[in-house]
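Below, subunit A partners subunit B and then partners subunit C, in two separate complexes.
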Partner chain A sequence: MTKPVNPRGTPIKEAEAVGIEFPVVGKARYNYTTGEALGVFLAGLKQGRILGTVCKRCGRVFVPPRMYCSYCFRPVDGWVEARDEGVVVTAVASYIEATRARAEKARVVGVIKLEVPGYKFDDHFFPGIMHYICVDDEAVKSMGIFGMRVRARWRPVEQRVGSITDIECFEPAGP
Partner chain B sequence: MTKVAIVGLGWSGFSPEVVDMSFREMMFKAAQRAYEDAGGLDPRRDVDAFISCQEDFWEGISIADEFAPDPIGGAMKSVYTVAGDSLQCVGQAYAMIKSGLFDVVVVESHGKPSDMLTLHDVMSMALDPISLRPLGLANIHALAALEARAYMAKYGVGPQHLAEVVEKAHRAGLRNPRASYAGRLNAGDYELSPVVVDPLREADIAKFVDAAVVVVLASEAAARDLSDTPVWVEGVGWRTETSTLELHDWAFPLHARMAAEDAYRQAKIADPAKEVGFAEVDNRYSFKELQHIEALGLAPRGSAAEMLLEEPSTQAAACPSTSAAARWPRGSPSKSTASPD
Partner chain C sequence: MSRNINFKHRVAVVGAGMTLFRRRLLETPQELAWLAAKQALEEAGLALKDIDCVVIGSAPDAFDGVHMKGEYLADGAGGWHKPVVRVYVGGATGVFTPIAGWWHVASGLCRKALVVAEEKMSHAAKPHPQYVFRYIWDPIVEKPLNPNLIWIFAMEMHRYMYKCGVKKEDIALVSVKNKRNACGHPSAQLCDPNITVDDVLKSEVLVWPVQRLDVSPVSDGAAALVLADEAEARRITDTPVWIKGIGFTLDTTHWTNRDLAYPEYVRRAAEMAYRMAGIDNPRKQIDVAEPYDPFDYKELHHMEGLGLAKKCEAPILTREGVTQRDGDLPINPSGGLLGVGNPIAAAGLMKVAEIFWQLRGEAGARQVKKPVYTGLAQAWGDLMQAGTVIVLGI
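Our next item is the complex of A and B:
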């Protein structure tokens, strides 16, 4: 048998959820060039700052940043710093690990709409970040997480490497 | 049916490793140049569709077509991706414009092979997973070497001919500011080049470069608006041979011959050796230049090598000028064949 029995998947309730070990990195390996935009972004994270770029023609702020405005097709006009807090736009709770093993504790991942002083954004296009949210899955089930204010929980400076994981997760920031 | 023209061309990179720009930033740079070349065209307003030529394994990103629109002005517009060489995209754009449904179509392609840490393993993923990959070829160039051997044995081509191709291409590259690997080589230098897979030496194999190329194609009416010097595309053809390597012709690129015949038919070229004034041929391996000259009908089968030795500066009387700068000293950006030369 070399094919999965049920390629459409098996409902979680019925699954024996047996973990399978597989190499995360296969034979095809890459060394992605960050370029200017993401290079500056990652360097900013190491300093505990979330940086984005701004197009002054349309007012869009790009987080994660890019050096061009996709909508105006022109170079962006410079850098802005987003606050490391915002509101949750959407979130899910995951009960299964990437290895297919059942997670001991549900992990919540979501998208956070960030705030940039001096700029206003609608719900269609906004500077955002997708990250873990350190809340109980009940917050997702109850839908209470939507619109929740959250703030980045940064790793200690000495542990930061210039990666999106320099932020451990976003946690409730209070009202 | 409208005529089709190339009205703008832009590029970025063409160096062994572009360290300061991501592939997206290279795409943006190439697009800016192409749109300026096309009379200051605004991609948000003036372009009907975009095509990007790329392949997920080369990108290291699956569903990489999602990354295509933003850097070239195609956000929220009609964009699709072709997993193939950029020249295929040019052919597709040509057909789209010929259909009468599109006036201006942009073709983008890029390669950033310096991002690949395991180039050989990535290239091996192109092999049939059941019949070939288990062989675990030590070197992916073995496939080209098998073709080289078959061609050379059948048509009496020797290493001196390959050396001449290599020397000519490197020398021609010195006149091309984008040719990263240009240089003055002689036969002695060629022989010092280490053998990779017999008969191919390192010097026979195009090295890679990082590059992005953007081409703007337009219908006749649009072309006349956008450019004073449109380059009319008179014919396009492409063919793909069988995926089973064992079943394809090892000694001669029939696919290239048939594709050329398609293009010549459209362009009403009956005798390419007489009517074609200039040809740029793919020479990612030295022997491929000879094969492709023959496949294009610019020299009789098996005769390109001798013609090259007789008339190296212009290739041959029957083939007035080929491969002026060629892929090889410029390097091979993996998906961007459309040349800015």
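Our next item is the complex of A and C:
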């Protein structure tokens, strides 16, 4: 005898389903607050700067910034400016949208480990953000993108609104 | 020897049940919970009146489309007019639910507990259940980039491939093994006895390196367990399966600040469970395991986090056949999420039920070849954050 014995349930096809359809929340929208640390971060992006915070007790640099060090559980000691340049630690090529629909063209996205003058970081904890990377999807498939130096491509000043999308993407920075 | 014996009661699993796992089931979430709970009670030879408290597990309310899902499910889960609680740690919920059941009984608060996990992803119909996951991303720095959930898995998978030099062919072997194993499971959604590595590598590319057959499906389903303290367990059955260790930890949501190649959150949860179970060499002391496999690479990644393989070694063990049902360390003999299906919380609890049936020798067509005395189930959840581990033994 194989357990479970006669598991129950009635499979149905989408088309046969007599269901009740209901919109998630109608026209309701969330309106998220930025919080203290990310509010300063977004204001920095508008000026073309990537800001982080630093905890002097453990030496960690936080990008995106936090107002407290989660490791020492104390307030951070202040702000540092990261370069708008770093290396790709992982990247993927997306062929689908958030809705699961097929995308018109591939979109490369990854995590960029940013440089902060005066600090060194290992692989275990580093300032890093997720963003689009303006390269061909072949660079992802060949894995050539790992370790690639990339630099932020900023939107023109007049188009910036104080959002992570004030950076259009990261693009190859050359050697 | 177990080092942590400061608990009031030993806790045993004495019954398990589950529904079919399918893309879309007619039954409501309450009805699914009831079907699974009823089967678990019957297997234990108990009625609802014998149950002292109920623990419910379910992942985001947004799937079923019912807020207060715990309160809603309490009826079908047998929780009315009883102490009842619902727990939730994303994908890690299914293994966290019996962990919470364990402390209800180990503490002496309840003598017999019913543990029920349910998920109905098909309710989140339009545009696709994946869309519901957009609310797990950071609203300020991530959501404006319009992410799909699969991005984060693809990033972790690719980092793991890069760091360990793993090929997609090696990872696809996991999907092939699990979808074939699922053919022995009466509840399975995606049994495929003839699937090959080539099928996986030729399936639709979603987010490179992730392809459609690297991923578990969208599913509806429920699963349930009955737990009892030692005195009750010995009255109920001659073959109780003991909960020997439990562990659970959470990392921060700041996943872009850490290396994704190794699941630290699983290692810490496993260490907690092993300490309690007196396990110091998991590769030798665990006979059969059900690590969480919503994606094929996750099985490998989690084997390494659990210490069942050394770092970067899991793909080699897989290639050598060690993780097959007749291998030295059978991994996901149930068919896992890739084969049986992935109604999130119910899928995690299905894994615990599988270890229960394997240790009792009741897995029938799925029974692993070697004799098994100690087994493990593990789940993972959230933004590469949650690890939950349970060790069972006879």
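Convention: the second predicted complex is superposed on the first by the 146 of 175 C-alpha atoms of A that agree within 3 Å, B and C clash if a C-alpha of one lies under 4 Å from a C-alpha of the other, contacts with A are read in each partner's own complex, and residues count from 1 in each chain.
Here is the rule we use: a residue touches a chain if its C-beta (ideal position, glycine included) is under 8 Å from a C-beta of that chain, and two chains touch if they have at least 3 such contacts.
Worth saying up front: this structure is predicted, and the values here are computed from it rather than measured.
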Contacts of A:M67 with subunit B and subunit C, given as first, second, both or neither: first
First (subunit B), second (subunit C), both or neither touched by A:K141: second
Per-residue touch tally on subunit A - higher for subunit B or for subunit C: C
Touching partner for A:T34 - first (subunit B), second (subunit C), both, neither: both
Partner chain in contact with A:V92 - subunit B first, subunit C second, else both or neither: second
First (subunit B), second (subunit C), both or neither touched by A:P127: second
Touched partner set for A:R100, first subunit B, second subunit C, both or neither: second
Residues of subunit A at both interfaces, subunit B in one complex, subunit C in the other: 30, 32, 34-35, 38, 66, 70
Residue ranges of subunit A in contact with subunit C within the complex: 1-14, 17, 19, 21-22, 24, 30, 32, 34-35, 38, 41-42, 62-64, 66, 70, 89-101, 109-111, 123-132, 137, 140-141, 143, 146, 163-165
Residue ranges of subunit A touching subunit B (in the complex, touch as defined): 27-38, 66-68, 70-73
Subunit A partner contacts - residues on subunit B that touch it in the complex: 18-25, 28, 31, 35, 42-44, 57, 60, 69-71, 73, 75, 112, 114-118, 121-122, 124-125
Complex interface listing, subunit C residues touching subunit A: 16-27, 32, 35, 39, 43, 62, 65, 125-128, 130-131, 134, 138-142, 144-148, 150-151, 154-156, 158-159, 161-162, 184-187, 205-210, 220-221, 252, 254, 256-260, 353, 357, 362-366
